[in-house]
Structures are given as structure tokens and as C-alpha cells.
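Here chain A shows up in two complexes: once beside chain B, once beside chain C.
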Partner chain A sequence: MAEIEWPWQYNFPPFFTLQPHSETQQKQLMTWTSLVLDYYRATKQSVLDIREMYATPLFNNTEIKRKLSIEVVQLILDSLLKSGKASPLDKSKQRWLIYWHTLDEW
Partner chain B sequence: RTIKTRTGIIGIERSLQERQKATDNSISMAFQDLRKLMEMAKDMVTISKTISAKIRERQGDITEDETVRFKSYLMSMGIDDPVTRDAYKTSNEYFRQLAVQLSQILEEPLKEVGGMMTLTDVYCRVNRARGLELLSPEDLLNACRQLAPLDLPVVLRAFDSGVMVIQARSHDDNAVVESLAELLRDKGSITAEELAQSAGISIVLARERLLVTEKYGRACRDDTIEALRFYPNLFLEEVS
Partner chain C sequence: MRRKPGIGAIHKQKLEQEKYKDKGTEIQENQFEQMTKQMEIFRTNLEDFATKHKTEIKKNGQFRRQFTEMCASIGVDPLASGKGFWSVLGIGDFYYELAVQIVEVCMATNYKNGGLITLDELRERLVQARGKRKEHQDITNEDLLAAAKKLRIFGNGFSVVPIGRGKYLVQSIPGELSMDHTAVLQQASTHGTAYTSVELLQAELKWERDRAQKALDHMMKMGLAWLDDQAEEGNLYWFPSLFTACVDSS
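Presenting the complex of A and B:
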């Protein structure tokens, strides 16, 4: 697996709690979406299964013992869907395709 | 024979019966008195209702002495009728006097605890100092609502969480937020309990202070099973 360059936020515990302050939350989600894209590009993966999300280090930072809650993952995926960088594979939205580039770019 | 038999089971039973009769009597007497009292109160309620109807007809004269007195009648009987009452005066004369007194009592203690006190603490302090003629929670709250319109040095404030506090008028959120942001930078992170200990305030207030700081965008949270920790808001401060 390729080495990933984690942003500083990845080791900042509040990064794993959804922030109630709206401006902060926006920044947080922005960082998360770009991190998810970077991670998938670096590890050359394309399928995200919500049921198995804690198996990868992306949403589960064992070093500082923090996990991202499912609600936040949903928020991230929703914003990815809006920007055309992800799409659900099944109706229950448990499996997602993550695009490294948008379909238009391909 | 008039001599009571004090021996044997019959004797015991008799004395028990007599005692029962006596308590029965005193209980029924008490209830009779109570019933009379309630009948009187009922009359008072109907009378006060007709008076309130009369006042309603003559709408709009505010701060007239009659309505003031009428309100204090309502108060003394424990009838809560704020809907019809509120149309005539902003609130009771009694509450206003109480508010003035409260601000006098609380000004000094407030300074000692850092300019803010939860309403429950205020309730404790005031009633413990009074001894007799205690305040009901409602009276206190109503009096506190009058603090702001009366321009007194202390005011009532409700946080988003619903916690109500009395704070000095000079109290400034910005100053608190600044000092907390500084503290967060020094310590890295803090919980409400830790802040309460180091600042010498109650946990409820420490929590509210942290939440205010968060609302101002100067702190962010880390919610885990261990505790709710607050960190300096690096999301907004760090330029990456």
C-alpha cells in the first residue's frame, strides 16, 4: 500500500467529531472530502463500503484512538455526490464508488 | 361498674379502640376546618375572577393603583392567572420590589464568583439568607425577568442550553472568550470539569463558557466516551 501523507488534522482529535460551529464544520468537511479523495487515489481503491469503513486507517485513527462517526461519513459522501466525485452502488447507499476524477474529466 | 378492666385481651382492645376514636375525631375536625377554608378560597377565586373581568372591560389604563393592588390579591391567594393579568401591567409590583432587593443582595456575591451565577445557586443563596418568607422558584424567576427593564446592575440571561444565570451587567462575553482561547492555547485541550477546577466556578458555568467560546469560533470539540474535550479551533486558525 502506498504511503499516504496525512494532513495535520488527521492527528487532531476534534477532526473526528462533527463540529457544531457552522464555519468550522464547513472547513472540517472540506478537509475530509479532499482527504478521502487523496486516500483513494493514493491507495488506488475505488469502492467504499460503509459497513467496513473502520477496517482502513482512513476513518479509524488507531494512534489517537478516534473513529469518525457514520453520520459524518454520510455527510462527506453526500458532498462528494454533489460535486460528482462519488456515486452510490446500491439503493441502501452502503457501497459507494469514489472517483479520482469526475466523470466529465475522464 | 365504672372501673375499667385493664387486664386481659379485652382491656387492650378497649384501650386501642378508644385511641382510634380520638384520632378519628381529630382527623375529621381537621378536615372540616380545611373544607371551610377551601370554601372561603373558592369564594375569593370567583370574586377575583369577576374583578378581573371588570378590569378587562376598562382596557388600557396601565400602572393604575387599583390593578396593582388587585394583582397582589391574586398573588396572595396563589392563583396563577398571568394571561389576563399581563394585559394590564408588565408584571407585578411585588416582583419589581423583589428585583430591586435581589440586585442589592447579589451584587457583591456575584463579584466574588466571577460575575455569573446559575439561577439555582441564586435561589439557594437568597432563600438560605431569608430563613422565613421564602421565595418560590416562580417568584424568583419573575423577579429576575424584571431586572433588565429596571436597569439594575445585574441581569438575567438564558443560554442556548436553557440554563439560566444571573450575571453582572458589566459582564462581557468577549473577554471571557478571549481568556478561554488563551487558556486553550496554553493547555492544548480542556474539559468542563478541568476548567471548573482551575477557574473555581461550577461545572455548569464552565460548560456554558466553553460552549460560548465554541459559538464564537474560538474552540472546537472532541466528543468521545471519555469526555467532551475542547481544543483551540485550529480549523479556522491554522492556515494550511
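Presenting the complex of A and C:
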């Protein structure tokens, strides 16, 4: 698996807590969505299974003992869906396809 | 019985008064002339000094500090105006340039630290941005403080917040930091951890729970603090402006 260069936020513990202040939360989600895309591109993966999301380091930083809650992952996927960079694979929205490029770009 | 003063006496008095007045203005003019002469001499002296030491002032942080200290002790502010003849030394230009660069750095880092930056990080970034020539590199924290203080003239956008142990934060957003908020920042920075919590504030500042919570909530609203609810010791509040990895990131 290719290594990814983590952004500084990845080691910033509150990055893994949904921020109550709306402006800060926007910044946080923006960083997360681009991190998810970067991570999938760097590791050459395309399927995100929510049931297995803590198995990869992306949402689970064991070094600082912080995990991203499922609610936040849903928010990230929603915003990716809106910008056309992800789509659900099943009806229950447990498995997702992540596009590094939009379908048009492909 | 006293005689009333005659017309002659009045005239005489008037004449005398006028003479005094003339003499007075004469003396004043003399003094004025002398002063202008002295200023003229002072100016040429200063210009001599400037041509000799101009580069020294721009290059040498120590020298610059000594010079500004001297100015302060005789009650002159060499930075008050670009038209003052102190600006012959280019010392004004130096600081105005620095002030503009400070504004630029603060704006460029605003998105991640909420408009709060440590003086050390500010200096680091300035030195990086100013290019490699030596005279661009030698800026001291005192220089930055002097320039940042001048920025306050433009209104309450800029302020310098001392957080203890000779450390400073430069705040580049409007919105005042109260004494309480400053104390919170001090608390977070003295532990070298970039975070604090209600419990820590209660224990170390002897605050009521309510007061600590209020201060922290307000700092989150200003975008200065981030909440972390996964720590073992309860909710922690982190300050990106003090977080090392954030400070080092580009």
C-alpha cells in the first residue's frame, strides 16, 4: 500500500470530533473530503465500506487514539456525492464508490 | 490727593508697552532663528550619521534596537511619520515594509489558525518570505512587536497579546480578547500542549465551572479553539495557533 503524506490536521485530535461551530465545521469537512480523495488516490482504492472503515488508518488514527464517528463519515460522503465524486453501491448506503476524478474527467 | 494720570503719561505708558512688545518678539524671533539653525545642524549631523550607518541600521538588529531605544529616551518616535527627518535613516521604511508583510502573513495563515499566530511562527514565516539576503533575514522579535504595535493605528484589527514567559500572540481579527480569554490562552501555552479544558481552568485559575465554559465557548465561536470529545480526561479544547504541527505546516 502506497504511503500518503498526512496533512497536519490528521494529528490534530479535534479533527476527529465534529466541530460545533459552523464555520470551523465547514473548514473541517472540506479538509476531510479532500483527505479522503487523496487517500483513495494514493492507496489506489475505490470502494469504501462503512462497516470496515476503522480497519484502515484513514478514519482511525491509532497514534493519537482518535476515530472519526460514523455521522461525520456520512457527512463527508454526502458532500462527495453532491460534487459527483462518490456514489453508493447498495441501497442501504453501506458501500461506496470513491472517484478520484469525476466521471466526466474519466 | 492723587492726581489722575494725564494724557502725556498714558501716551508714555503705551509707548513703553509697545517697546516691550517689540523687544519680546525680537527675543522670540531670535530664539526661533536659533532653533531653526540648531535643527538645521541636527539634520545635517543626522544625514551624515545616516549615510555612514544606513546599511548598518537595516542589517543589524542589535544596532536598530539601540537606536530606537535612544530615540525613546529623548522622546522622539522615529516611526511616527514617513516625513519626519528620522526617515532619512530608512528606519521608517523598514518598519512600514515589515508591517505590510506582517499583515500578509496573518491573512495567509488565517484559514487555519483563526487569526491568531504566535510571534515565533510569524517571524519564521517572515524570514522565509523575505528572501535569502542577509539584510532581509536579521529581524528580531522586537522589530516585529514595534511594527505590529504601529498597525494598531488602523483600528482594532491588530493587537499583540502577551501570553507569558516572553511569548506573544499576534491577533489579526477584530473582536476583542477579554482578560479571561487571554488567561485561557496563557493556560494552554504554558503547558506546551496547545489544549486546555474546563477542569484545568478550574483547577489552575480557581474559576467557577460556568466562567471557564463560557470563555471556551466564546473562543470556539471566534474560530480560535476546536473541541475534542474523545480524550480520556473529558472534553479538551485545542488551539491550532499553538499546535506545533499546524505551525510547521505550509
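Just so it is clear, the second predicted complex is superposed on the first by the 106 of 106 C-alpha atoms of A that agree within 3 Å, B and C clash if a C-alpha of one lies under 4 Å from a C-alpha of the other, contacts with A are read in each partner's own complex, and residues count from 1 in each chain.
Please note the rule applied: a contact is a pair of C-beta atoms (placed from the backbone, for glycine too) under 8 Å apart; a residue touches a chain by one contact, two chains touch by 3 or more.
This one's a predicted model, so the numbers in the text were calculated from it and none came from an experiment.
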Fit-or-clash call for chain B and chain C when the two complexes are aligned on chain A: clash
First (chain B), second (chain C), both or neither touched by A:11: second
Contacts of A:23 with chain B and chain C, given as first, second, both or neither: both
Touched partner set for A:84, first chain B, second chain C, both or neither: neither
Touched partner set for A:66, first chain B, second chain C, both or neither: both
On chain A, the residue positions that both chain B and chain C contact, one per complex: 7-9, 12-14, 16-17, 19-21, 23-24, 27, 65-66
In the complex, chain C residues that touch chain A: 111, 114, 195, 220-221, 223, 226-231, 236-238, 240, 243, 245-246, 248-249
Chain A - residues contacting chain C, complex: 7-9, 11-17, 19-21, 23-24, 27, 65-67
Chain B to chain A touching residues, read off their complex: 189, 214-215, 217, 220-224, 229, 231, 233-236, 238, 240
List of chain A residues in touch with chain B within their complex: 7-9, 12-14, 16-17, 19-21, 23-24, 27-28, 31, 65-66
